[in-house]
Every structure is written in structure tokens, then in C-alpha cells.
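Here it is, the structure in full.
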Amino acid sequence: MNGSGWLLVLIMLSSFVPGIIIFGLPEDRVRLRTTLNLCGSLIKIGLIVVLNVGIYLGYSYEIRLPLVAGMEVYLHADPLSALFTTLSSVLWLLTTIYAVGYLEDSPNRSHFFGYFSLCVTVTIGIALAGNLITFILFYEMLTLSTYPLIVHRGTPQSLRAGRNYLVYTLGGGALFFLAAAWLQVLTGPMDFGSDGFASHLVVEHGPLLSLLFVLLIAGVGVKAALVPLHGWLPQAMIAPAPVSALLHAVAVVKAGAFGIVRIVLDVYGLENMIVLGLLPLLTFVATLTILWGSFRALQQDDLKRRLAFSTISQISYIGLGISLADHRLALIGGLVHLVHQGIMKITLFFCAGNLAETLGVHRISEMRGIARRMPWTMGAFTVGALGMIGLPPTAGFVSKWFLGLGALSASNWVVVAVLMLSSLLNAAYFLPILITAWFDRPVGPWPDEKNFGRFETRLMLLCPPLLTAAVVLLIGVLAEAQISPLAWVRFIVEGYLP
Amino acid sequence: MMPSGLTLDMYLVILSLVAGVPLVLAASLSLPLSLSPRRILSPFFAWAPLPALLTVWLVPPDVVVEAPWFFMGGRMGLDSSGRVFLTLSAVVWLLAGFSASGQGLLGFLRPRFSAFYLTAMAGNFGLILAQELLGFYLFFALMSFAVYGLVIYDRHPGSRRAGRLYLVMVMLGEIAIFLALLLMSGEVVDLDGLAQSGWQNSLFLLMLFVGFGIKIGALPFHRWMIRVYREIPLPAAVALAGAMVNAGLLGWLRFLPLGQVAIPAAGLVLVTVGGLAALYGVVLGLRETRPAGILAGSSISQLGLMTIIFGVGISSPLAGGEALPVLLFFVVHHGLAKASLFLGLDALTRGRFCSFWWLVLFFIPALVLAGLPLSSGLAAKGALKGLLSALMPSWAGLAPFFLGLSSAATTLLMVHLLVRVREEVMAGRTPGQERRENLFPWPWISGVGLVIFAPWLWSVARSELLYSLALPGIIHGSWPILLGAFSYPVFARLRREQSPTRRQGRFWSELGPSCLTLLAVVRAWTDGLFRRVRRQWWTILRLAAQQLPGRERIFERWLTVGIAYTALCLLLLAVLGGA
Amino acid sequence: MNSLSLTLFDCVVLVTLLGLAWQLLATPDLFKAMVLFMSFGLVMALAWVRLAAPDVALAEAALGAGLTGPLFLSALHRLRGTRKGERRQQLDSIEHRGKIEKVTQRTSGRIIYLLLRILFAGLLLTLLVHLATILLHVEYENPGLGVFVAEQQEESGVISPVTAVLLNFRGYDTLLEIMVLFVAVVAVWSLATVRFSEKSGQVSPIQQGVVRILAPLMILVAVSLIWQGTHLAGGAFQGGAVLAAAGVLMMVSELPWLRLIPSLPVRLMLVFGPLVFLGLGVSCLADGRFLEYPGELAGFLILLIELACGLSIGLTLACLFVGGRPVDDLVDRGQLEEGS
Amino acid sequence: MPTVSASFWMVLPVVLPLAGGLLCFLWRQRSLWLPLAFALVNLIVVIRLTRLLLIQGPLHYQIGGWETPLGIVLVLDGPALLMLLLTALCGAGVTCYARGYFAYRISAQKQPGRHERQERFFWPLWLMLLAALNGLFLSGDIFNIYVTLELLSISAVALAALSGKPVAQLASFRYLLASLLGSLSYLLGIFFIYRSHGVLDLGLLRAVVEPGSSMTAGLVLMSCGLLLKSAAFPLHFWLPPAHANALAPVSAILSGLVIKGSLYLLFRFWFDTFASLISPAALNVIGMLGILAVFWGGILALLQQRLKLLVAYSTVSQVGYFLIAFPLAYHDATLSVWTAFLFMILAHGCAKVAMFMAAGTMYLHSGHDRMRDLHGIRLVMPLTVFAYGMAGVNLMGLPPSGGFVGKWLLLTGAFDDGQWWWSVAIMAGGLLAAAYVFRVMSPLFQAPVGASIFDGRPTPALLEWPPLVLSLIALLLGLFAPGIMALLTANGGAVISGGLP
Amino acid sequence: MTVLFAYKLGGLCLFFMGFTALILRSHPLKKIMAVNVMAAGVFLLFIAMACHGRVGVAIDPVPQAMVLTGIVVSVSVTALALVLACRIQETSGGAGSSEGEHPPQGDS
């Protein structure tokens, strides 16, 4: 059954068009801009709901635009892309609301929101990309549309962070591009979803394909912040909080992880991966990243930096799941973490942003007793943090549970051990924050306190983290419900491991 | 006594209420102070365990309610052992709640305490009702973490330290349980094959032991219990000692259902560890000076005894069937007694109830714990002795002696407790402690009443109790108590001679900082390395940056142009000539 | 005359050419170089005659020697007129010298510089020898396009084959070439304003008288050359060059009214030739291709074009010689600060 | 054979700007309409030609009606048309921009007369240059190409010197000499070719070309001349100062269009006309030059302190890319590298024009182009900075720009042939481009420090929109690829009129 | 060695002499002259070619036409170059072709 491919185009336009209009708006048209943003994201969510239902009912959506020989833009929606689009668009809505609140009274908002919308459009493009070229297309555009956001503040630090970001991501993009071109020459044009390239190629070009795999993973690994390609992420936390949320949860890092999924499952295909014996390599990198990220997070005093290292560690759970993809449960765990990590991390960044914006608190050592001043924010933060540790009934537990089961079914005890150790480390760097926030007495005035009247902070800043925190709990508690990320991931995995 | 005709959905509602009511009440605390629901609901906090009691009454044992949407597929129900645990917990929480609300701890004015208290309660009830392991784990975690908030409630440095230790232990326990869960769900281990040797099986058992052993203060993990009992507010201690620690035992029961597994080796280990704990707990208690610490030692010791029962129970399926009732009885006995002791301690330290009779009342549950004849203590010990002699023939001779010794030691401990309580209460009279409440301590009274009368309700216990009425029973029951009581002066002298200053837990408290130091060193080294490399790169690049634009001048010379041009011509002529 | 053997005449011509070229390029004296350059042009013209290319010879004589030489002279004059120019006339750029000296102060630098020169010379010689051997060994007997030109000479409307090629067969080239000239004028105008020397009036009246007689004569010659272009050697370029020479003569003689020529008529004249050429080419589109002259009108049209272009070329070359836009051009506001 | 009536459109791209140039010189109205009208009409003509090409396939037009050995033929095939299209588009953009540029400067009340003069000479020179470019792309005759090249060089030199600054004049003098050397070399090459076969027409040449020393010498001399004119690596000395010191619209024209003329010819000679002479070794030599150019130009661009010099060096680097296409085009059966070459030329043309225009606008506002001191300019002229950024994306070869498509095709070509080592240079060059593009962007994004140092006047639309539109065209060029492919393979033919060997 | 070959060789020599001078001479006027000499060399080659084996008999008018075009072009270029050189001298007082002079300023 075929649905119209224009639905995909519409989904992309629903953020692109507002973005373009916003670029043209004068700075003081706050209301119009906000309306545009919100309408865009609501429409997008509506369209994506339609898409999801359609996919569930077995419709296929695709649209092709051949460019030159062997190169075509191909958008298509499969369950996997639907997962990512849904995540991005929902989180986009929340992030937009948050950003509106966060950036009240700050300059250059038209730019900011314009790039913001572009960023999401491009992320959706990554999700809907139906072949490697289309993926690259949007993947590189993502780099570009996030750069202005990272350097939005225009301070020397943020410029340095932006430069670093570019060095890493453009370098990675170049590797990716190179490898993709080479692969295309070897295998011919190839759509995602075709279970990888023909197996006889593995016999003919085994070592070369392995090399290309390494290059491809290095390419997406930069965005997914795999160690040792993670250096940009902690620096990029200098950006405003909504941007961090975007980087860590909605778009960039996610796009990298999503890329890993695509490469393993759709470009190479599980069978080829197993024949080539490349999965352990990915496992190794992912475990290394998980541990390194956690260790580094332990040492940070800057809250957002700690969160950034935590992201490095957490995002590799996805890679870890994929690296055990021949085991159904691990694959489920990895994929579902794509969603879960996003929601949890965005909660944390929202909260960190609230602290910074309301009280000027950036460092953990300044957070003593902060929960008294901002209980709701810290409540949400707590939920997110507990989720990160992987405590039940949060979403984090669900992914960790499936990852653990998968690792066991793969008899990969190293991974099991790493999972345990990582949980411990996660607890070691999150629990002290919670303790100091909830149970310490505040000392002295806050660095830069603003008063927002009735609520502890602006309502637009407060609602998104509360909502996401609630979602973290909900999708954990209701993990086995009919409509949950987990259910959808099972549906995805049906396609790959019937 | 079960009202029938309730549909499954109604059971679902009822069962959900058990954990749901405390949670909702806790959630109501997050409402702004000005909102009326928060004030209105506040008096009901103490009544939060009521749905649990209701459930015990309403829900038949064979009912299992499925909630597939709930957290990886929830199943709730109330089996027979769960019923015992739930009843005990509900009662203890009720008593603790009244005690706490009586002194104003539980209510909307103390939102933090109340919230953690109610959450812990919800966790405790929920884990009992959960009929699958993940649900159990969920509520177990909920309870464990909520207790942290109670431990550091008063924010003294001591309670902070205790809280940190507690948290570390909880975290370790969580991970151990998680791994055990994984191993079980991943079908790496199965109950039938557990008896076989295999490192996966050993790992599984080890994880179970660690995970739940931490909760019951089993021997290597006992440290937190003393520190936490010392620091936690007493009403919370009631619930902790009376109800929550039992969750560890329930955990074992849930993972290794008695009567279905037979792991003799593990049984032996548990019996040994439990035996050691039973004695060492007393030693720990004797070292303490604060009553709550002494009670903690007693808990370690008593839970050691329960460990023995469980160890015996998993030795063989046959033993399991017999050990289960004993274990349950022991749990109830200990739970009620310990709860009463803490209630009494609470009442004594806070109120004016320091006359002799109040002290006697306080001492009753203590003696019950020590195994006073006609009390559940003696009944429990008798049952244990029967169990040991029946199932572990090699221990048969040793069991009475050991139990007697344990009983005597407990008595000694209890006397020590009484002395300490008296001193403390006297000391408490000194000016400075202004807040003295005048409420009649009826939760305590009812607790003691329960300790005395409840065992009679239970058919298993009744025969043992009746046996202790007979002379041999009395003799059997009394000599350890007398021994313990009379050895107190010796102990007191020894104690006086020994300086109480000790520093324990040094290793643990130092471990964290030293780890951090190590990390800092590693980090400094790596950072330095990076910086050095980066600096050198920059130097090279900067040199290049200074040099290269100058080099461009070469190309601007006409001579270079000439050479390049002619060379290019010749080169191309050469390479094209070959075509 | 054995056409294929090296005659004494050819020898002399070639040796003179090469010698002159060597001299003019090697001499440090710029003025001497100018003179040598003009004589070089004349010897070139001789060579053209010898090689049976009268059109080229005429053009060379008129343009190469007749106009380029004065161009160089006037440039030298202008260079000398500037402040520092005096000292430089006989030397290469001092600044350059300074740089070279800086480089060559160090012995190693000097050696490297020398080596580079040797390398360059070596490469150059190799290339020269290579190309020369190609010329020597691979001598095609290729008739070129001469046959085709001869075949279609009648249709071209002119008798002179060179003119036929220039204005009919490859008229498009010529059109663009005239545009090159035009652009050169625009470029020169954009660069500078014309400057008349302050020594005006010092020209002897005799010279002025001679010029008054000579100039109309030259104009006549020019017109005849243009006319002659259709059947003999000559044509618009040659004629234009003579015209320009007349103009140059007049300018050298400092005729006072020359300074007063306003910009607009000059522009009109400059544009006139190219525009006519272009316009006629476009009008051919009416019933044919671009620049496809209707058969019977071809001769006439070519003459027309030659005349128009000749005029414009003459003026163009004169303007190039003058080396700047008329004084009144764009005098309105910008002129004042131009000097600064 | 297409009908005469339709194909007369082919001369218009040459004739119209020529007439325009003459008229602009004659009537120096300070209004825009004359040059703009010509630029727009040129665009319309080219669009019309596009339709013709799509319908009828490659077109030939015999000027004066003379048959090929004797007469001159204009050839319109896919590549030529694309180049015309590029020229027309950029030409229209530059025309609009130049109008705004001069108007802005004239209204600045600082030496208005001088700016007026510059504007008046700019228009005829620019239109002549346009005609020369169009003629060059259309021409099918090597000598005619020589004439167009000369016309191109002279007008370009004159434009480069227009600013009147000594440095600019110095630079254009060197430009002129280099260009003359190139032209004479080319002419010498014509000599060798003509003497061996006696034909000048490209089509006939292709038919008769056979390996031989004279032919080879001719090709080498012509190629070296063209390489010099295109500023290929060791011979790039004249480009940066000339391009960087010219007026902004002139820089745009020089960098975006003029360079392309000689490059296009080079490619056409090597792969169409004289394809049978080419050896892989020669292509590798060119490719090596390309690699050196990519790196040298890129690194020097990175080290510049001035914006326009940076952009100029980036041109040196980009020329290297076009040269790298040479070795990859040789073995390619699918003609994708031809496509790649053209894509890169188109993309780079639009992007470079936009870039120089944007740089010029920044210059206008700040009075200098030192990158360090341009911070905060983004707030003053967001569109301009955006245009600059988008053009930069093109240079980096990021999607969906034409540069991306070109690079992709080059890469696949490289891997197809097993010559993967070129790919390393291609990617590294892209990264270098990213580095120097963002070296500019980074200060632009910096928050302004202190009071605004910029000319407070608003940026006129004519200064803002042309670069933006062009950079967007370059950016979205990748998406126009099907249309471009359709043009290249119009009428089912091969990529170019004659096809490859 | 035929006459024509001698002329051609002469033309080639002229070209390369001019080239050498263009490279090695630094005065602008000298450079312009060098270019003219180069051009003359090429023209000589063309005209010699037009004779096709017989001196004095021009068979092929096309090279002649080309040379005519070339001469005109070279005159215009020479004129432009000279004016440019003069302007440089006048405005900057510097020599037209100074080596390695990296213009430090931007456009005007």
C-alpha cells in the first residue's frame, strides 16, 4: 500500500516554512514568531501522527528526486524513521516553548528561531532519508544549521566551541562522505531497508568494506560523540540551554546515533556485519565511550559539562545496543534508548537552563539547597537523573533492562559488567547533585537571582521540563502499553529480525 | 471471611490503592501550601496503610491481577506469604504513622519527611503485592531510595554520613538485584538448575545475596544499619526496622521460592553467615551507646537468625515447605517486637513517660525478642530449633546451644539497651530539651499489645507457645535469659574499662575521596598531555602561518613564473609525447 | 632566385631582426631601446614584404613601427616627466634592484639566484630546441585554407583575399578585434586624463605649417588605403593607422584647438565604426545569418564597413596615443580631486 | 540542421552586450536601465537558447553563412549553454549589485566624482567583458577563441585597474602581462596546430587530430597559456592581488566568471577537441597541479588577514579542484566527471560572485576588510553575512550545493577508476575550505564589542539581494541537477556535441 | 635548411628572446617591449607558414588575416599597458612590476 510521499515533504515544510518566515521577521514581533513556531510544530506533530498511523497500517511513504546518475534524493518513512521523527518533533515543540521563555529579552531571536526551525527540518530529513546520499545531505546540513546556534551568544568561548564543533563535525562529515562515495561505487546505489548490500561483495571486498565501515562509523561517531571523537560536545555546552537540549536530545547527537543504526542495519545489513565481524569493534568503542564519559562526568563541577559527558556516555548505549543487534533484545534496548535518552537528557538540560537563567547557577558547588528555591525544577531534574541512572520505573530502566538482557543473550559478559559499572558511575555523578540540591542548606544569595513572580521561574521555562519528566516516568511505567516507544521499537525490530 | 463476588477489575483497583494512596498523598505535598487539598489530606497521612489492611481482608490469596501495560507487564496479587508480610507492614506503618503524626512529623508542615515517608510506604506495600520480579524490583528501589530522605532528615553531619553510606549500599544493592534479575529473565539461570555448579549460577546467587543481604544487614553489609538506625527519626525507624528490612527476606523468597529450589551449598553459606550475624550483631549492639544503635545490633542479629531459616529452607524442597511458616512467623515476631521497641524508645525519649512502669512496658518487647517464655520469641526460637534439628542433622546437637547462646546474648543486649535508655531518658531531663509532648503513647501501647497477643492468633505459633507453658519449656526458655541478664555486670565492667573511642568505617569513608584523588591525578595527567600536544601543534602551525605567506613571494617573482611556465610546457610535452 | 635556399637578403633581414631584438631588450638605455624598437618594426615590415604579405607589411609599418614607437616614446616622456622618473630612465627599477640586492647580499642567496637563472635558461633552451626540431622534422605540406579562400573569393565581394578573409569569411574575428581596440580606448580613458605638456607654444611655426599641409595629405592617403583594401594590400587598419598618424602629428605639433575637442563627438566617432559594423551584421539577420552579406551588396557593404571602421580606428589609435580621456570628459565633479 | 530563423538567437549573447557596451560608452546616463536592460535581455536570450537546445539538441551557427573550414561556426551544446547560463545569471546579479554599489558610494559624499567616473567606465567595460565571455563559450574556432580571450583579458584588466588605487593598478599591470604571456602562448599553439592540419574549426580538428609532435606542441602551448590565464598553481601569482584589490563587483566578475572562461576551454580542449592526444600521465600532471593548488591556495587563504584576499586565495584553491577533475575524467564512461566539472564550475561561479559581493558590502560598511575587526557585522547586515555563509557552504562542498554534487561525482569517479588517492585531496581541500570560510564566519558571529564601528546607513536592497539570490542558487544547485543533466544530454546526445573518445 | 625554416626559427627565437626579457627585465617598459617582440616572433611564424614552401608567394591568406588581427590586438594591449605603467608611476611613484610587492590595502 502506498501513501503519498508528499506527506513527508509536508512534514519537512511544516518547520522549514516557519523558519524561513521567521528569518524575515523583525526582532520585536515576538507574538507572531511564537505563534508561527508553535503552529509549525503542532502541525508537524499532527502530520507525524498521521504518518505513524499509516506506517502501522502498512502504508509505505516515499518520494524520489533523482539528481544525477547514481545520486538521488530519496525520502521514505519506515518505522525506524517514524520513531526518530516523532521524537524530534515532540521534543522540538517543547524546546521551542522553552526557548521562547529562555530567550525572552535576549537579542537576535529571529536568527535563533530561524536556525532552530532549520535544524529540526534537517533532523527530520535525516530521519526520513532513504539512502546514504540523502542521509549525507541532511547530515551535513545539520552541522551548518547548528553552528549559528552554538555560537549564538557570540562570546569568545562560544566561538571557540563553535570552531571545535566544526572541526570535529566537518572532519567527520568528510570521512563519512568519502566512505559513502566509495561504498556507492562498490555496491551501487542502495536504498535503506534492503537488508544491506549483496553478500557476494563481502567475499570480494571484505577488508575494504571493513575499512569503509570504520570510516562511516567515524563519520557519524563524531556527532554521536564516540570516544575519541567526543571533544566538541562538552565544549558546546557553552551554548544557550535550548541549544544544548537540541544538541543533546533532539538533533545532533541523536542524528549520529541514528546514523550508526542506519549504517549497521540498513547499509551493511546484519548478515554482512556478522560475516565481516565488525560488530565487536562497535561494541568495544561503545563500551569505551560509556565508561570514559562516565569517568569524565564524575570530575566536572560545571553542571552542563557534567551533563554533556553524561550524554557521551549515555548515547553510546544506543551504539552498544546496535552492536549486539543480532540479538533482538539488545537491539530493542538500543533503539528504545534513542527515545528515552532524548527525553531524559532534554529534561536535565531544561532544568540546568532554568537554574542558570533564574538564579545564575552554573556549577554544582553552587547548587546547595537549590531545591528549596526551585522545587519543581529540581523535581524534574531528579526524575531525569534517576532515569539516567536507570532506576525503575523510569524510562532509563527500560532501555537498560533490554540492553542487559540482550547482552546476556549474546553472552557478552563484558557488556553486562560495563552496564553495571556505568550504572554505578551514573549514580556517582548524579546522586551527589540531587543530594546537594535537596538536602543541603543554601549558603548565601544566588549568583544572579531573578524573580518571576508567582512561580519559581517563567512558566514557559517550567512547563517543558515538568512535562518531559512526567513523560520519563510515564513511558517507563507504561512501557508495555500499546502505545509506547517500546511497543514501537518492537514493531521496528520485527522488520529487521522477523 | 472473604467477601466474594468482586470482579477482577475491582481487585485491580483495590490492589492499586494499596501503593497508590500513599503515593497520591505524597504527591499532594507538592501542591502549593496555600492549596486546600494539601491541608485537607494531611490528617489522612497516618491512615495511608489502611487500604493495605483492607486488601488483606478483601483480596483472596488466589487472585492475581494482570496489568500488562504497567511497567513491563505488571502482575499483582496477594499470596499467602505476601499476606503475612502485608499485614505486618500495614500494622507497623500504621503504628509508626500515628506516632509520627502525633509528634507532628507527618503532616503538611513537614512535607519532606512526609513525602519520603509515604513514598517508602508505597514502595514497601507495592513490593509485597508485586507478583513479578520487575515490579518487585521497582517498588524495592522506590522504598530504598525514599528511606534516604528519611535518614538525612535532620541534616546533621552524622546523618549525612550515614545517608551517604546508605545510598552507596542501596546503589550497590540495586545493581546486584538488577544483575540477578537480568540473569533470571535472560534465562541464563533457571530455578531447577540452580543447584548445579556453574559460575553463572554462583554469580546469580551472589548477586541475590548482595542485593537483598544489604537490605537485611547481612554480615559483610551490616554497617549501614547501625549508622542509619542511629540517625533516622524514630518513627521512621519503626517502619524501617519493623517493616522495610523484611523486604530483603521477601526478595529472597520471591527469587528463590522456598519449596521449589534446592541449593544445599547456598543454604550452608546462608546458615553460616546468618549464624555469625546472629552473634556478631549482638557484639555490635553492645559496642553502641545510643539505644537506636543497640537496636540495630539486635536487628542484625535477629535478621541473622532469619537468614539461617532461609538458608535451611533452600537446602532442599522439603525443608523449604517447613521453613516457610517458621520464617514468616519469625518475621512477624521480630517486626512487631522491633517496632514496639522503637515506638517505646520514641515515646520515652520524647515524653515524660519515664517512670518505672513505662520502662517495664518498654522492656516487654525486648524480652520477647530475647525469647521470653510464653512470648512469640520463645515460640520462634522453638520453631527454629525444631527446624534445625529436623533438617540439618549435623547441626542437631549444636542448635539448642547456639540458640540459647543467641538468646542470652540478645538478653544481654536488651539489658544494655534498657540501661542506656534509662540513662538517656534521665539525661534527657536536663534543661535544654524543651519540647515534651504529652500525648498518650497509644501506638506504643498497642504495639506492645500486639507483640503479646498477636502470636496467639496464629495456629503455627500456638503449639509452641503452649509448649513454653510447660516446665521444660520454661526452663528451656529461661536459662538463656537469666544467663544474659546476669552477665550484664561483667559486660558493664568490661565496657567501662575499654575506651569507647573507635574509628570504624574508615576504609569506606576514605575510599570515595581517594578514588576522586586518583581520578584527579589521571585527569591532570591526561589534560596536561593534551595541552602539551596541542601547544606544540599550535607552535608548529603558528610558525607555518608566519612563514607561508612569505613563501608566496616566491611565486610572485617573474623568474619563478618563467621557470614554472617552461617547466610545465616541457613536462606536458614529455608526458603527452608518450601518448 | 632559388626560392628555397637561404638568400643573403633573408640572412641579413633575419640577423638584423634578431640583433635588433637582442639589443633593444638588452640595452639599459630606454631611449635607445625605443629607437631600436622602431627600427625593429621597420625591419619586420621588410621581412613581411619578403614573405609576400604586403597587408601585414603595411600594417606593421603603420601600426607596429609608426604608432607603437611613438606610443613608447610618449610613455617614456610621461615617465620621465614624473618626479622620480629622471633617474630611472637608464636603469631598471631601483626598487627592484634593491630587492635583488637584498636577496643577493648573502652568498647563498646569490648562488641560488644564479642557479635559478641557469635553470631557467636551460629549460628555455630545451623548449626552444624541442619546438625547433618539431619545425624542422615535421614539415607538413599543408595547403591550409588558401584553397578554400581561392574557391570562394568571388562570393566574398572583394578581390583582395586578405580583405575577404578579414571582413567576410572571418568578419566575426574582425568585429571582435575592433571591439578590442574600442575596449582599449575605454580602458585608457578610465585610467587617465589626457595631459598636454606645459611647453605648449614652443613648437616651431614651421613644424605647425608643415603639419597643416601634411595632415590633409595623410588623410587622403588613409582613405585611399582603405579604398584600396578591397582589391590590394591595405584596408581599414592600415588606413586607420595612417589617419592616426596624422592625428599624432597634429598633436605633437600642439595644435591649440585639439585641446578643445569635446568628449561627446570623440565618443560618437569612436563608437561609430564598431556600431556600423555591428549594425550591418545584425541587419543581415533579416534574410540570412549574422554578417552574411547579401551577395550583390557584399562589396559595397564591406567598403562601407571599412570606411566607418577606418575612421573609428584612426581616432581610436590617436586616442590611445594621447593616453587619456579628453579634459572635458567627466569634468563635472570628479576632475578636481583627480590630480590629488 | 536547425532552422536559420531559430538559431540566430545564438549570436545575440555576443551581439547584444557588444551593442550595449558601445551604447553605454556613448550615453553615459547615470541610470541603471541601459546596462540592466542588456543584462536581463541577455538572460532572456540564454533562457530562450536553453529551450532551443532542449528541443533541437546541439546547435551550430555559421557566421556569415560560410562553411566550416573557412568560416567561423558558433556551437551551442550542453556545456556551452551551461556556461552561458552561469554568465547570464551572475551577470544579471553583478549588474544589479554594481548599480547599488556605485550608488551607495556616490551617495557617501566622499569623492563622489571619482565614483561616478568609475561607474561610467564600469558599464561599457563590463558589457564588453560579458560579450567576450559569451563569445568564448559559443565559439567553435580556435583563432576566434583567441580574439575573445584577448577581449576578455583587456576588459578584465581595465576593470581590475578601475579602482584607481596604486596597488590595484600594479596588480592589474601584472595581470595584463601574465594574460599577454598566456595569449601569446596560445597563439603560438595555434600556429603549431594550424600548420599541421590547416584547420581552425574545433569540430574539424577533432575529426583530424592524430598524435603527432606538432599537434602535441600546439596543445601544450595552448594549454599552458590557458593554465596561466586560469591561475593554475605555480602560475597563480597574478590572481590574488588583482582580485582582492579591485572594486567589489569587479572582483566578483573576475573570480566568478573570467577564470572560468579559460578553465572551460582547457577542459573542452582536453576532453573534446584534442581528446585523442591525451595521455593519462598528462592528466595526472594536471591533477597533481590541482592538488598543489588546492592545498597551497587553501592554506594561504587560511592565513590571510583580509577578507578579500582570503576569497581571492580561495579561488586559487578552487581552481585546483577543477584541475583534479582532469585525471578523473579520463577513464570515465558515464561522463559523470564532465558533469562534475561543470557542476563545480557553476557552483563555484555563483558562489564566488556572491562571496565577493558580500565581502564588498561588508567593506562598504566598515571601510576595511580586516576580518578581526568585522565582529558584529552580522547584526548590521544579516542577509549579506548569510549570503557569504551560503556561498561558503558551496566552497566546502556541503550538500545540497552544486559543489557537493560535483565533489560527489568526482569521488565516485575516483573510486570507480581505483584512483582513490585523489579523493583524499578532494576531501582535505573541502576541509581547508571549511576552515577558511569559518575563519571569516567566526568573527562575524562574534557579539559586537563597544560602539558600532559601521557606517550607519541602511544597506540598500540592491547590495543585499543579488549575493543572497546567487548564493542560494549555488546552494540549491544540487537540486537542479536533473535539469542540468537534461541540458547536458539534450537530444539524447552525449554530454558534448562530439562526445568523448 | 630552407629559407622558410630560417624565418620560422627566427620567429621562435624572437618569441623566446621576448619571453626571457619579460621574465628577467624588470622595467615595465622593457616588459611591454618584450611582449611586443614575442608577438612579432609569433607573427613571423604565421607568415612564414602562410608561404607554404615558397618564399614570396603567399598561398594562404588566412594566417595573414590572423596576423593582422594579432597586430591590432597587440597595439591596443601595448597602449593599455603603457598607460597603466605611466599611471602607476604617477600615482605611486613606484615601478610597475616590482617583485613580490604584496599590496597591503583593499579596494578603494
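Every chain is named by a letter (A, B, C, D and E) in the order it is written, and numbering of its residues begins at 1.
In this text, a residue touches a chain if its C-beta (ideal position, glycine included) is under 8 Å from a C-beta of that chain, and two chains touch if they have at least 3 such contacts.
Listed by chain with UniProt protein names: A = Monovalent cation/H+ antiporter subunit D family protein; D = Oxidoreductase; E = Cation:proton antiporter subunit C.
In this text, all values refer to a predicted model and were calculated from it rather than measured experimentally.
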If a chain touches chain B and chain E alike, it appears here: C, D
Starting at chain C, fewest touch steps before arriving at chain D: 1
Most centrally placed chain - per-chain CA mean versus overall CA mean: A
Chains most often in contact, by C-beta pairs: C-E
Chain D-chain E separation of Cα centroids, rounded to whole Å: 26
Whole-Å gap between the CA centroids of chain A and chain C: 71
Separation of mean Cα positions, chain C and chain B [Å, integer]: 105
Rounded Å distance between chain A and chain B, as computed from the means of their C-alpha atoms: 37
Contacts with two or more other chains, residues of chain C listed in rising order: 117, 120, 124, 127, 130-131, 142-145, 149, 169-170, 173, 177, 180, 183-184, 187, 191
Multi-partner residues of chain B (at least 2 other chains): 549, 552, 556-557, 559-562, 569, 573
Per-residue multi-chain contacts in chain E, two or more chains: 19-20, 22-24, 26, 49, 60, 62-63, 66, 69, 73, 76-77, 80, 84-85, 87, 94, 96-102
Chains that touch, pairwise: A-B, A-D, B-C, B-D, B-E, C-D, C-E, D-E
Interfacial residue positions of chain D with respect to chain B in the complex: 178, 181, 185, 211, 213, 216-217, 219-221, 223-224, 227-228, 234-237, 277-279, 281-282, 284-285, 289, 299-300, 303-304
Residues of chain C that touch chain D when the two form their complex: 130-131, 134, 137-138, 140, 142-145, 148-149, 152, 168-173, 175-177, 179-180, 182-184, 186-187, 189-191, 267-268, 270-271, 274-275, 278, 281-282, 285, 288-293, 330, 332-338
For the chain C and chain B complex, residues of the former touching the latter: 113, 116-117, 119-120, 123-124, 126-127, 130
Residues of chain D that touch chain C when the two form their complex: 4, 8, 11, 15, 18-19, 21-23, 25-26, 28, 61-67, 69-72, 111-118, 120-121, 124-125, 128, 131-132, 135, 143-144, 147-148, 150-151, 154-155, 157-158, 161-162, 169, 192, 194-200, 212-214, 217
Contacting residues of chain A [partner chain B, same complex]: 295-296, 298-299, 329, 375-376, 379, 386, 390-393, 397-398, 400-401, 404-405, 408-409, 416, 420, 423-424, 427, 431, 435, 438-441, 476-482
